[in-house]
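Lettered A, B, C, D, E and F in written order, each chain numbered from 1.
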Amino acid sequence: MKELDVVTFGETMVLFTSELMLPLEYNDRFYKQIGGAESNVAIGLRRLGHSVGWFSKLGNDPFGRYIHKFIRGEGVDTSRCIYTDEAPTGIFFKEKYSATNLKVYYYRKNSAASLLSPDDLDEDYIASAKILHLTGITPALSPTCRETVFKAIEIAKKNEVKIVFDPNIRLKLWDKEKAKSVLLEIAKEADIILPGLDEGEMLSGRKIPEEIADFFGKEKTVIIKIGEKGAYYQSKNESGYVEGFPVSQIVDPVGAGDGFAAGVISGILRNESIYSAVKRGNAVGAMAVGMSGDVEGLPRSEELEEFIKGVISLQDVKR
Amino acid sequence: MKELDVVTFGETMVLFTSELMLPLEYNDRFYKQIGGAESNVAIGLRRLGHSVGWFSKLGNDPFGRYIHKFIRGEGVDTSRCIYTDEAPTGIFFKEKYSATNLKVYYYRKNSAASLLSPDDLDEDYIASAKILHLTGITPALSPTCRETVFKAIEIAKKNEVKIVFDPNIRLKLWDKEKAKSVLLEIAKEADIILPGLDEGEMLSGRKIPEEIADFFGKEKTVIIKIGEKGAYYQSKNESGYVEGFPVSQIVDPVGAGDGFAAGVISGILRNESIYSAVKRGNAVGAMAVGMSGDVEGLPRSEELEEFIKGVISLQDVKR
Amino acid sequence: MKELDVVTFGETMVLFTSELMLPLEYNDRFYKQIGGAESNVAIGLRRLGHSVGWFSKLGNDPFGRYIHKFIRGEGVDTSRCIYTDEAPTGIFFKEKYSATNLKVYYYRKNSAASLLSPDDLDEDYIASAKILHLTGITPALSPTCRETVFKAIEIAKKNEVKIVFDPNIRLKLWDKEKAKSVLLEIAKEADIILPGLDEGEMLSGRKIPEEIADFFGKEKTVIIKIGEKGAYYQSKNESGYVEGFPVSQIVDPVGAGDGFAAGVISGILRNESIYSAVKRGNAVGAMAVGMSGDVEGLPRSEELEEFIKGVISLQDVKR
Amino acid sequence: MKELDVVTFGETMVLFTSELMLPLEYNDRFYKQIGGAESNVAIGLRRLGHSVGWFSKLGNDPFGRYIHKFIRGEGVDTSRCIYTDEAPTGIFFKEKYSATNLKVYYYRKNSAASLLSPDDLDEDYIASAKILHLTGITPALSPTCRETVFKAIEIAKKNEVKIVFDPNIRLKLWDKEKAKSVLLEIAKEADIILPGLDEGEMLSGRKIPEEIADFFGKEKTVIIKIGEKGAYYQSKNESGYVEGFPVSQIVDPVGAGDGFAAGVISGILRNESIYSAVKRGNAVGAMAVGMSGDVEGLPRSEELEEFIKGVISLQDVKR
Amino acid sequence: MKELDVVTFGETMVLFTSELMLPLEYNDRFYKQIGGAESNVAIGLRRLGHSVGWFSKLGNDPFGRYIHKFIRGEGVDTSRCIYTDEAPTGIFFKEKYSATNLKVYYYRKNSAASLLSPDDLDEDYIASAKILHLTGITPALSPTCRETVFKAIEIAKKNEVKIVFDPNIRLKLWDKEKAKSVLLEIAKEADIILPGLDEGEMLSGRKIPEEIADFFGKEKTVIIKIGEKGAYYQSKNESGYVEGFPVSQIVDPVGAGDGFAAGVISGILRNESIYSAVKRGNAVGAMAVGMSGDVEGLPRSEELEEFIKGVISLQDVKR
Amino acid sequence: MKELDVVTFGETMVLFTSELMLPLEYNDRFYKQIGGAESNVAIGLRRLGHSVGWFSKLGNDPFGRYIHKFIRGEGVDTSRCIYTDEAPTGIFFKEKYSATNLKVYYYRKNSAASLLSPDDLDEDYIASAKILHLTGITPALSPTCRETVFKAIEIAKKNEVKIVFDPNIRLKLWDKEKAKSVLLEIAKEADIILPGLDEGEMLSGRKIPEEIADFFGKEKTVIIKIGEKGAYYQSKNESGYVEGFPVSQIVDPVGAGDGFAAGVISGILRNESIYSAVKRGNAVGAMAVGMSGDVEGLPRSEELEEFIKGVISLQDVKR
């Protein structure tokens, strides 16, 4: 029997957030958070009750330890994390112009995580999971990272681990053509693909959700995020649109996609229908944007149920 | 002649407010405020020019001293406050998800204030007031607190002190049936009752403001708060609806009811018509929600007059 | 050839901004910014690539040094700043009730800047500029400040330096009649006048932009700000309305007028048509209100171009 | 019978303290405290159980209200405070280079308090006190303040109110010759004089404590502070040295003199011997310097007793 | 084979630390840490490379989650933690007068942890450890906590788990006679006892380390902490004094004893001589006081080795 | 005639300083400062009244702009600064264990400054200076930086610009042998060399100041810093020891060497004797360590004079 529900890996960085809404050069107050698509998904899944493993290569420095402690503290298995003295932990800064007008500045080039290489993979660990979650960020980090992703895919295939792939295209990290070719290669191996509409368009050259889904192939499950409108899904047997949950106030737009992925994967692990899993994804995404930070707003199981049932809204004062 | 306009008593706690809009477990910055329905009303009345006494049992600790100094600093008479070494001052924490999505966490069980007992009452002091203000929170704190409330009512009755009662139902503190029976008992003795619509419904079992008011009896003045829509009032001679003031931005919804009570009582002390007193209540309530904190936004006399006249709005930039 | 594009002078103060949205008496966290109409314009122009000189009389104290370093740091020439031991640097406090409900409290009476006198002017310096920028604040500060303004006008006239005048009426600083008579005297000497609609009305006694512009005389360029609606301009050869840019969220309404002035002057220095210069002014003003602080939101050249072209909006998340 | 133990008056300002130990121009974090020699003494006496009145002229602004609330909150009678719209409340800034290397910057010139005038005095109020406490700061603030001091002396003399005078020479506020002549005039009227050794030297032209005391006259009580060494006292019947309490760590040297005055006056009100009163003064002074802020470290009665008995030290960890 | 090196349990609370060195009533800035003797020891041991389990009963609230995440984040096994809705997580406040003059204020009465009861123990879990670590705080929290301790002892005895007992006498929590009788009962069952000199004196009625050790019995290992002087130890075969490490600056005296316990237990787990284990304890204790917070200064393995060898000191600047 | 007194160049980074004395992984509050040996010296010299130019390659990002504005704000000529989109501005973090126990963590590898190359040098600019100041940090940053240093030396030689060289050995940046060989090559070209005693020892293989100085050659001026003891100097005509100034409290040990360099160079520019210049260096260094931050404590001219004369100490309270 599989010991873990999901394994994922990739770069998580320390995020220094401006306390004041001022350009970074004028702001003089920062606090620490963490940011990383894969650990966001891992934490999101853990909060919903699943067993999850996440790993990365961390700098042997206070920021590496902070990330490790943070994610382990959330209950995610971090036993395969590796520390290196070769490079520092990646960090980034968030500049806030207004609640929804943000810029980020990365210090991640040649970071510890970019040194991840196929040798860092523990085959048994990946084999022990039901699902391997991958994003399109990791292959963009370095050639060895790219090889690591393909090695992980190979392990998954060999061990009947389902692959969920979220393209997460970051054109700051690599050029468009390179990105497209690598991501398509990964998509080919994936069982479930979770592109945003614009990502689907970039990868497939098509504009309509149905056509994009077709592009990836009918034997796959393709779920296309269409912003606040919800999502379109298409699998072997089902297809359709799932309306999004209304969001009364976007406190922090970052992390919605990762929340969506966590919700969808959770639904799948619970053997829900794709429709229901996508609805779950929509709900987690909607809850994530109601809170500052990538993971702080990810709901716990009971909160998610109440939100889906409409018992709680995001505007309640509880006294 | 009466020396004080109003006497009130009850628990005031130190409030630790999150500086960042993050779940409490992630927020690492707190600042101090105070919170307590009765002291909110006392401070609100004092700002409007009335003489007010407030008292409580405070822990003999820095938080008890902080509360005492804060309220005394506002000009409220605190000479009947009692310090105890038996229990600490109650405190609570405010978690901010967004500007209007808040949760509070209490550390008030067995607090100093819950030790208030009938022996702590100074009969002459209560007798010296025109109005005794009571809330439904105090009897929920402990059996001795409940006895203290009824002892205070007895004293008021004996000394021709009018009783204003604000139910302030807190189901976190006691169960519904117990609450209902005790609050109805207090309401029976009160001259003026200030329920919210839902409170009125819970206590009377009726849904229409007019019927709720009738339930409490025609010889009383009953003023029912209907949220942003304003209020319904009914007294021996008058009855009607009073529209609320438009609130452009709710900065902090907590404290509106206490501001309303302060406004109404102030109108009564000024011998205004009930209509006019309720309008005053609406105005103070509207101003209170435009500012963070329970008491920080309570207006001074001249500010209230200007607001009622429409001279100042809550959106002015004064330069 | 002119060495500087623009010279301006006037009082810049240190601004202590409340971190919390609480009345000043309850807020316990302050941070430093600077505020001064003329230095706002100077910094705005410098960011747009022009060479600018600004000067004032500063207190020989840490706040004077802070202002000096801040403005010099922005690349504005501050070589004519003068330090005095006679008076402290002016300061002020900003109280925030909500994002757009602000009050300011000045400590500027008898400040160092109010000691500016005609002898402090360096004729060659003013003569070296294409444009002299003046506001109606300086003559309100003290009699010697008033004389300094008129002396500067005299120098400008003698040396073919164009005068741009922004009335900036501050009735906290002088009475209306005095203000009107002095400002009209300055307006008479100005080449370009930039009143707000209410200022134009106060100075001219007329209500319609066209009539206000006529009042100042057909040989001048008059540009009247009409809030979010944009502006009306009238010069010898051109006249018309220029629509404003939509502002999705006003983060800080202060500084819009100074941004407008910087944009207009920049357009003029670039030999654009008045229409185009006014549009530039509208754009800078719109960008300035999207950021907390007087100068923090003033755009750099490339940002302004992108904003005007609509390439960037104020609601983008850049990741 | 006298209703109040002590009445005092003078300027109290809002103090903005740097959070970081950096020159003020680099520090970007400030918090609010209050500072004023007379209110320090008033609060010190109140904590020791005496009834005290303090008053001043305050600006009708948030800072005036803050001061009023702070001091009233401490239990000092502030009923004679006057608000004015004519001038703002005085403020000052504290620059911290290290724990004991401080500089202050005043914004007090022409402040509200400097407008205090003889007409602001309530003769009955002063007459109702056993002791009138005066400092040499008030007469330095303005001519009307000076007249107010002498008017108060006149009232005290007429009503058998003892005068305690602390020279508190501030040469930033007036020149030495003027200071000397005015302060000597006040000293002549005082019953108890509390100079520092250097102040005594400046006023008397003598260097030895005994000689300085003689200079002021044998019929007076003169107590000369000699820093950490303690104090010398001389009254009609007693004289001698009182050793100071050891101070393990000076956290904030400001406020020691005011604490000393509070302790001495407290001893006198308790009818202790001069020796004992001076010892009390030494103890309060020693405790005051162990805490940041002028009044925050002033002890409550029971703390002072324990400190004098040596039961508690300033280095205890209480868990 | 034993799966865990050490198991421990007890109350950990959230600590709110004053940012400013001011009495708590004047301080307005707080940050979060955690505090709990048993989790301090657990974290200390984990940093030194041992496998450790810690558990408690936590409130089902943000503070319970914070504690859980913090300790799990450190790599301690927290799988036996229990959440309750019956009571809130205990918290406390730290007041800083100066670096070493501290006071704490508890909100722990009837806390979640005080509800721990024998039924909460997992026998297999305790049985799986080499060492059970107990402190004298837990039995002081409530009768059920006391029973839990004795039940744990019973389990340990049955399963050949060594018991290490640190008396940690807290007279704020229970009275001296009760404390003495219960703690002696526990001591009787313990294999290793770690009293401070004053604790040893209170429990044994003797004053000399050698005699105190004898009192507990020759078949036990008794290690008596003698402050900065180091420690005395006595076991079946060895006895002697071990000098302390010099501490150049005590940043935070709290947590030294827990660090000592962690060091000693670590030495024992490494099969070092008692002398060497005590030296290890001295070193960890010395390092712990050089850092603010209970656990923040606990060294990692390599840091401890370097400190013991004298390679690093606490005064280095590493650049 | 030379237009500038000194030109220097090298990497300046943004420094994020922990507000709390906690390991970086636990600290959640950061503020911005700047750090860079060459800009420290430039600012130090500017404060002492000299004209100085500093340049670097900066990232085209908010941190690059912050550095640029900070240094330009101090009055240093920054006209030769170059912005690049190729790499981000270097940053670092300061971890504070106690006032003097610090660690730094760099994010400077492949930073913008490391891209400095010989082509970035403006020959006329360097030629216009009396002195070129170089440190041993720049050649350690990258091969192109190393070439830039030697190109600058060549330009200086050609244009009769004196070279002052401060080895500033950073073994975190390159290995010892490489460092030694490059630094000796630079030293050979320098007119004035300012090693610390340990640096001198590493470069020369000798231990005695006199012998180290001899090693570099009698025709050079060699000044060897011996910590708090002062310095040894040797030039063609003079040699001797100069005692250091007593430092009552080291607030921040970093920046002392740069302050020393600024003082020495200032003395030389003023044509003082070497003895006197070294004394000036000692004084600036002593003042620098009395303040947190690299440049914040660097004295202005008049402050330095007073400190040297002993008029002001670092322990004064100025009120």
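The rule is simple: a contact is a pair of C-beta atoms (placed from the backbone, for glycine too) under 8 Å apart; a residue touches a chain by one contact, two chains touch by 3 or more.
It should be emphasised that the depicted structure is a prediction, and the values quoted were computed from it without experimental measurement.
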Chain pair among B-E, D-F or B-D whose interface repeats that of E-F, sharing over half of the contact pairs by residue number: D-F
Chain whose Cα centroid lies at the greatest distance from that of chain D: A
Chain A-chain B separation of Cα centroids, rounded to whole Å: 47
Separation of mean Cα positions, chain E and chain C [Å, integer]: 63
Chain A and chain F: spacing of chain centres that average the CA atoms, whole Å: 45
Residue list for chain F, restricted to those that touch at least two other chains: 23, 28-29, 31, 69
List of chain D residues in touch with chain E within their complex: 19, 31, 33, 249, 251, 290-293, 296-297, 314-319
Complex contact set, residues of chain D against chain B: 68-75
Residue ranges of chain B touching chain A (in the complex, touch as defined): 20-23, 26, 28-29, 97-104, 170, 172, 253-254
Parts of chain B lying in touch with chain E, wherever the complex brings them together: 16, 23-25, 27-32, 61-63, 65-66, 69, 88, 91, 95, 105-107, 109-110
